[in-house]
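Each of the next two complexes has chain A plus one other chain: chain B in the first, chain C in the second.
Let's turn to the complex of A and B:
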């Protein structure tokens, strides 16, 4: 029982960052109809940005985090502007392949610049874990969880309460009508991709200090993000949030009680199971299927 | 265009080892041939049915493992205390089993994945490949996991009059791969010009219209996936018996990316496309190796993939087609105007 409780706490902490990853990907797909294969590379980019800021430049740990998120925002906007804007009229397969090319460039670039050796990001939090009854959690994980919740909250508020968010939702529903109503759809696309990228970079910057930073870290993160998005339904933000937590629970319970070697297989098994049972995902309306 | 390029290439490639004695280059050509075979099989799906499978490496890897395990023999514990013992068999049997098993996998995945299209299909195929990779990594009893399967015997070929020949040298393996590539090319060429091939292309161009004409979409796509998987499995078997060592890295996503780049750059939906793309991207590492590190090479590949999608989205072969047609039209026309290439996309 104690063990189960510990697994649940671990899953909750992990689920926050998974939800960040999923929301970023689902936002981009829902609004732009782009399957973003740079998502994993942007996650890696966020972790390296955090490493450069905190270790390379010696910026305060808590300040390095927003620096990494802003770096992700800028890189995302640049990718959208140079690669996706000229391909607005292309089919989904072409943009998918272009995104794969961009992802390869980013990942190989990280390998070229930083080498294959994993880097650690030290954190200023106490080493002693927090013990509550039978459950113990590292302080850095608690911080990661709290920061992820804050970022999810900010994303929700941006989308539901701001002018930008209203324009994004309008573009999601019908981009032609939105354009007729005076929404600058091109700008919305750039903003969407930038926000999605910033969320991926944030997830990387948050998990970098928990684990280690290496060039291929984004590969699994990307597939997990796809699993989360499929679970929640492509384009559904609440779906991606809940999907992130479901995946984290499935991984924790699977690793704890079945086999730790297959921990990372949970995401794929979820994808295949969901598509067998309910291809539109658990929370999406049918018309969003792509 | 395909009609000119393919036979010309075959003659050049068949004569090449007569003067090319460098084992490094011969090795590069053999690996290139194996991946070109994979690219041809991927083209069957991506080019002629329009379904982008990003899990193609799964079939390649399964073929390699099935073939290697058949040749090496193995024993695994099954549930209920059963033990499955397989004695070492002939590599030729391994090849046949590799083709059959991957065909079965392709059929099952097709049945599963073709319920969905587009982005969903792509993600299902990636997931499948990753699950298979994790199984190869974790089922140590069977696959040795990261320790790799080693000392895989070379392929044997029963030649009439000569008995069984073990293909040990690079030269022998080169001709084996070349022969398989020719067979693969002819199978695809026969297939896409058949009634079945027209059904596939009909589905690619307009699925609703094809359905209304009575084409069974799921069955057509599943058959295409089965054949495509079997070809990739054959390539995997050749790979295992040539390199004589395989580990779970044969399932790496970057191999799938290599195959996709070959098909897209050469020209998807054309017969010569995968050959041209395969040769260019198979031999590019040889050209780039003295100049740059592998990471930097991958940056170049990514850049080339993007550049091709921007500049000639149909690929090299259709672009050449269009060019020759324009040249012909510029001169006083004497031949029939623009004979349409089989499979060239509108």
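Let's turn to the complex of A and C:
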């Protein structure tokens, strides 16, 4: 029983960051119909930005986080402006190839600048874990969990409660009509990609201090993000949130009670099951976002 | 063809031309290491150690009157790439000998290529038993197989009074091989073996495995993984409040890096290593150790890397000694020469003994194994 409780707490904390990873990806796909293959690289970028800010420049840990997120926002906007905007009328294959190329450039760039050896980001939280009965959890993980929930909440509110969000949803429903109604569709695309990128960078900046930072860290993260998005349904923010938690629970319980050797396979077993039963994903409502 | 004066002359002229042409050319040594991916830190250290040896050898005039040249390729911590890199080094760069490939799965994937092209390789790090028992006569290993590590650990296990041991190992030939060999030794000594948990080499979050190990009734956890994963493990153990005796194997711990990155979470852990750079005077070849450490420092590398990089240094020195002993820089002569190597390495004499099926033996040198301890974020040598 103690072990089960510990597994559940682990899964909950892990799920928060998985959800964050999934939302950035699902947002971009839902609104722009772009499969963002730079997602993993942006996650890595966020972690290195955090490393540079916190370790390189010596900025306070809690201030370095928003710096890394803003860096992700700016990079995302730049990618959209230089690569995606000229390709707006091209087919999905071309866009996909360009994005794969951009991802490789970003990853190789990190390798070139920082080398292949992993970097650690120290955090100011106490080393001793928080103990509640038989369950222990590190303070830094609790902080990451809380920060992830805040970011998810802010994203949800931005899309459902702001003018920008309304314009984004309108563009998603019918971008020609939205354009006719005076929505600046180009700006919406840039904003969407920038927000999605910022969320990926935020996930990297949050998890960098929990794990270690290295150029290929985004590969596994991207695979998980795609899994979460497929699980939750393409374009659905609640879907990606819940999908993130489902994946975390599947991995944690699977590794704890079935076999740790198949930990990373558990998520995919669930995805296959979901796709067989409900091919659009658990929460996809056709042509809606929010 | 009957040997006439003309053909003899021609042959001599050709041989002369060939040898004078070769005297200008350096002898190439292929280095197949993980410079990116999960084992990037370790592979990079090995390469830097190898470069020190090559520079030292060249400064002393090289081998057989020729300089040596390292051709370094990245196997990306991926067995498929390791085999491809070996093939590229042999067929395109025409290297007559290789150093590689760090991990057991990487080395095992490379071995069929050695056989295919009859090119010898000095294995500097891998510890899976299979490498020197599967009948590949082109393999010469200077690192200890996990059975030798387990044997060296036997008196320690008795002294520590281990009752029940769980394992947490990397899910590849290295980790599984270590779990098998240590289990065998422990069971023979009346120690119970409990859980054998595995983790993928790319895994960053091991909390599920650790929660399971926390709930087990074993007193000790034996861990086999490389430095980056060990750092994460110690941090995650501390986060789960898991307080059991932890012993790591495999010799790729880089204890100073663990202390720097995991801090107090690394306290009270034991590590089986194959080099004692903290006390050069205690190493089998103190003079060479001091030279190596001085050179490492001069090049501005982090001290933490030396427990890994000394293998690259010893590996290249072994290869150079093999070339010298073989008398020529072709694969067959080097293979023959390696059997004659008798070198004082940084971790004891390097001298190959036959291992594996008769007629197709691999070479295995038997290095020292030590136990060190991290206490109050400092490293101590556990005397036995």
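General observations
The working rule: the second predicted complex is superposed on the first by the 285 of 290 C-alpha atoms of A that agree within 3 Å, B and C clash if a C-alpha of one lies under 4 Å from a C-alpha of the other, contacts with A are read in each partner's own complex, and residues count from 1 in each chain.
The definition used in the following text is that a contact is a pair of C-beta atoms (placed from the backbone, for glycine too) under 8 Å apart; a residue touches a chain by one contact, two chains touch by 3 or more.
Bear in mind that the values here come from a model prediction, so they are computed numbers and not experimental data.
Superimposing the complexes on chain A yields a three-chain arrangement in which chain B and chain C clash.
By the touch criterion defined above, A:170 reaches neither chain B nor chain C.
By the touch criterion defined above, A:12 reaches neither chain B nor chain C. In the superposed model, A:90 makes contact with chain B only, not with chain C. Of the two partner chains placed around the shared chain by superposition, chain B is the only one that A:98 touches, whereas chain C remains out of contact. By the touch criterion stated above, A:142 is placed in contact with neither chain B nor chain C. After overlaying the two complexes on the shared chain, residue contacts for A:111 are found with chain B and with chain C alike. Touch criterion met: A:264 reaches chain B and chain C at once. Residue contacts after overlaying the shared chain place A:255 against chain C, while chain B stays out of touching range.
In the superposition on chain A, A:70 contacts neither chain B nor chain C. Of the residues of chain A, those at positions 111, 219, 259, 261, 264 touch chain B in one of the two structures and chain C in the other.
Interface residues of chain B facing chain A in the complex, by the touch rule stated above, are 50, 52, 112-113, 115-116, 118-120, 122-124, 126-128, 130-131, 134-135, 137-138, 253-254, 257, 260, 264, 293, 295-296, 298-299, 301-303, 305-306, 309-310, 313. Those residues of chain C whose C-beta lies close enough to touch chain A in the complex are 35-38, 40-41, 43-44, 171, 197-200, 202-205, 207-209, 211-212, 214-215, 228, 231-232, 235-236, 238-241, 260-261, 263-265. Interface of chain A with chain C (complex): residues 2-3, 6-7, 10, 14, 111, 115-118, 120, 127-129, 131, 136-138, 141, 211-212, 214-217, 219-220, 251-256, 259-261, 263-264. On the chain A side of its complex with chain B, the touching residues are 29, 35, 83, 86-87, 90, 92-94, 96-98, 100-105, 107-109, 111-112, 219, 223, 226-227, 230, 234, 259, 261-262, 264-265, 267-269, 271-272, 275-276, 279, 289-290.
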